[in-house]
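In structure tokens below, several structures.
In the two complexes that follow, chain A is the common piece, with chain B as its partner first and chain C second.
Take a look at the complex of A and B:
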């Protein structure tokens, strides 16, 4: 896709430097122009992919702030300096999607957004000292960080008959930790506030200390059920840095395991939705199918969660002819069972009654928050990285991108059901066309000086790994899990629904806490 | 049906019945996991493994639990919730540290945001290695915890 000429002219008039780097347009600008420039791209439909900072005080005498935008299939990277002690102008009043990013930058770098409507801490709160910033280069991880009492202020809603229901961080089900605070008047939810960060493990800082080959192992543990997508994105960005290319056969194998990952996650989500509407039969059937895929993963690769397959320069495991044939026959079987399950589910009146019109996320809100993946597609936002910025073997695959308009639990269920069908078809195509050859190229050379950006469509949506490299390990590694873009969508979607519908709406969003908290 | 699960499960069922005369209540606590361990704990309750038939019940509150199944290297932000959950569990109680992170801190040990492995905060009875441990390994780990409980009872 090519850039719109008028937009380019506008951008270049505000830029200090403009550079085409493959698919990416790199735009360096001054601090004063940064917000206006991002806003101009945003106004013509540019979607904020990420907003993050780096500590480049050693070389550039300042921090740098990077905004990545996706405009009509073109990626734009806007960068400007930010100085310690000088608050930067917040993007949030104009680009709502920047909200959590700026709060994260504040926590991690100690750079303060000026004009942010909600400048509370995002992941380091309560008792984190206010002058310690982990992603600064002069931060010393070896010292013990004292606990300094500090209060996290929740938003309060007041009025006759308004009550608050606090839930978590330790939940009743087997799920990850997070805190939900509902303000209710009777049954209906008037507002929900989500507070996360409980599983913040400092992944981005750790990655800066890990040699590239170990970084793959860390990437697989960012969000366990997204191991294949995170490791693929990590490997792709390192491959970009070292200008190496995975062999074609490896790209096909990556595609197959990425789709297997989507399959087991979507099957789990679909079954979870059935379970939360108390429709036990398809739920049980669905979880059996999910287990079958996990077993298939183990048989095919040695790991139920598809770990240790992606490696820098390709993959570690080959799929031989024998395995390929067996995998195909398993898929036929799974497909038949899945069709039975989905028709049972979607023809049940009691099930439809629970999911239709529940937890609506409007297209406008989905766009404004920068939602991604099945959540965005269920609200009519037509984005899918596999088509928009193809990687691995996706350029050779033909597949459909399911879209729905209603933005409710029903739409999110249907989108996933359709995507499961597409995943089956993609795996079959990949197995059919997989070329012969090696599965890994040698990892050598020195990293390029510019940034590397890799996007992968995980089961939850667009996933980004962005990197500045050094010889042995990343200088800065920014990870943006799809859940980071979708959590605020949940806050909006449950408004007006009743409390007992919350688990159902939450399940239909299927968000990762670990991926969000990093 | 997986034979190893079947065999393990039958043994467990007898032991649980002898020791408790009812089901064993397990509360899972994610203290900083990547959610890989949660995938496998959830797999325990699908119709293939179905641990409920062996008398193992995942309960909704630590107040109902005989055993805490803790995953993840304990993060700074989960230190207090984990200790509170431990205190809320009635004695006698067992703690199982599930997965490499819970047992040793895994790749997260040196992070500023991680306090340490589970046993740096609460006493642990059994460690289940694996990243994540397979469902059969979890069942095996629970059985080892029961052995320890029985030994303590006989002492």
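Take a look at the complex of A and C:
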């Protein structure tokens, strides 16, 4: 993990302050240099992990904007001040992945990006007043906000025989709310516009009022099926702030529950893909497997969704020798059944015909939008936080990172199938090597003054929790769910496909609405 | 006359049961218990107690469509022999049957467009796209059987075939039956053409067209499509393979006819359940391949009849 010297020299020439903080390179720069600096790192292959703001008017007399980039295994945090009423220069023309981040900053802080190609609201409801910004420190969340009717402007396509199909936000199935607007010419989709924000709950604002030990509970509820990953990321960032370290045994247990979470989510997604092609028998078998993992979770930890396990400084539940042996034998059985399921699915001609070539996300698009997780890996982008920025017990684990090149529904299914196999192997390794010792260290001390950043590979991809701490609770808590990076990928992937294939492509992306909306 | 009425009632009474059995079989194959086979009756009864809500923007087309569809399906049911070869054939033959079913389609698609909802429009366009190839297939395949037994009266076809015996099993009959089976899948919105169990509006064909209905209207539409499925099964059972059907009013012959009918319908029900469980739904634009194949089969049936049958 060493920085390229030439790049460092370039960065330091533009930086006001440059600081190595463990794995992270912290670079403070002026407002004018911010875009150029981020662009330089981006040009040499840096991937935008997050772009967000903080309201530091009380101490620094300005807002601050943070860009987190991942370059070749090194994390770079670029920070510059932004002032109220002075539009900041938009990154989007040069770094496409910044698109939604800047719109989110605009909604939440009232800072306007200058030169943004699409400065419409993103997360806030249509009738939210335009001069109220929830993440500013002077926002009072106890006051009822008056609602001002306003209409969101959708992109329109015009032409002979071009129609718009509005779908949602309320759907026929039990799924989360989101509005999809298709512009179609007959069955082929010319463009899709996705409008989210219907489950925006103000999680980041809420977190600023939550003492750390309660913050874990909040983090578990950001996106229901990502409870373990969110709480792990939260705990890791608080542990960083208070400079405490979870015992090794706890790290192993965290690894096991994170992989169990990946298992049940991937099993659900794989079955969902089969179900959406109306291939009901393997879908039913897959859902049975998922249910068995959920029941295993409950037996192991007391929670089907693996809640209340992670805690600051370690974990709440131990896995004793007895349980460990039983878990291993269950896994062997699950593994056998899973192999049978995957071979039924992937050897069915009618199924393969549906998934091959459907919903292609090119590697180029996946990279430029900053897609993460299985979606990116199915398009040939080789990223996985577990290997690139190892946490918990992952440095001790040996596992393979499945990659596919075609970027279609088939590739996304195969990547998940392979990852399920790897998860089985990781859990077995962890159970085999788990060291003895305590499972939790005491949570004491005072927070460090700098920022804390924790990355976790959730089942949907890289998840980030970033924090500036105060004594009792976070001063600013930024959460970046993997879905936030992948939704735009879906818009591009369905272009040119036909309308009845959309649900299948959507399922293969398997994105979280709640995680995106926060 | 009484027997003809009774057999039509039998068909109407059994229709929800067949749907119930298909669902139950599929559930078993998926490792679920599934609802009782009587559930469709309960659903229909429940819906009949409820009032219908129609969109303010819809016209009379939407309000009469359920009645027209139901009436047309019942009229079609009157034309098919169930356990006895006698039917109300005086009012029409197989051509009338095909066009009665076309009325159902016409009104379903028109009503789906009427309410102006997106999904209805999508469903209509897909339904017509599918039927433009399936309808001629259906006509040709039934027509082949008409040629073999030299009549277009459905009761007559059944009568002639049943009394001639197994000598009539010839290539053209089997070809036509194969084509007709694919037509059954397409006409009744089954996998691989459509998925009757999905909630994904964007993929629907038939279901997208009935989204606008509620209460009694929905009950009629559902019942009409269940009956339509059984009418098709009955055609397959008694027009293509009528052996066992009663050709006289003799009670024993009628009993054998009933038994034979139930056995044949059970086989078809099982066949549908197996097809639906063993494959994924086809991509919409792949469907023409399947339908063209069915059409070619039915065309071959007619040609085979002239080449082999006449000699």
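Here are some notes:
Keep this in mind: the second predicted complex is superposed on the first by the 517 of 518 C-alpha atoms of A that agree within 3 Å, B and C clash if a C-alpha of one lies under 4 Å from a C-alpha of the other, contacts with A are read in each partner's own complex, and residues count from 1 in each chain.
The rule we apply is simple: contacts are C-beta pairs under 8 Å (C-beta built on N, C-alpha and C of every residue); 3 or more make two chains touch, one makes a residue touch a chain.
This one's a predicted model, so the numbers in the text were calculated from it and none came from an experiment.
Using the contact criterion defined above for the overlaid structures, shared-chain residue A:197 touches chain B, although it does not reach chain C. In the superposition on chain A, A:330 contacts neither chain B nor chain C. By the touch criterion stated above, A:31 is placed in contact with neither chain B nor chain C. By the touch criterion stated above, A:363 is placed in contact with neither chain B nor chain C. Contacts of A:387 after superposition: neither chain B nor chain C is touched. In the superposed model, A:304 makes contact with chain B only, not with chain C. Looking at the superposition, the partner that touches the larger set of chain A residues, chain B or chain C, turns out to be B. In the superposition on chain A, A:276 contacts chain C only, with no contact to chain B.
In the superposition on chain A, A:172 makes contact with both chain B and chain C.
When the shared chain is aligned, chain C comes close enough to touch A:348, but chain B does not.
Residues 172-173, 284, 288 of chain A touch chain B in one complex and chain C in the other. If you check the complex, the residues on chain C that touch chain A are 26, 29-32, 118, 122, 125-126, 191-192, 195, 197-203, 276-286. For chain A in complex with chain B, the residues that touch the partner chain are 123, 125-126, 128, 134, 139, 141, 145, 169-170, 172-177, 197-203, 205-206, 209-210, 214, 217-218, 221-225, 227, 268, 284, 287-288, 290-291, 294, 304-305, 307, 512-514. Note for the complex: chain A touches chain C at residues 165-167, 171-173, 186-187, 274, 276-281, 283-285, 288, 348, 350-351, 353-354, 358, 498-504.
The part of chain B that touches chain A in the complex is made up of residues 28-43, 45-49, 58, 60-62, 72-73, 75-78, 81, 85, 101, 106-108, 110-114, 131-132, 134.
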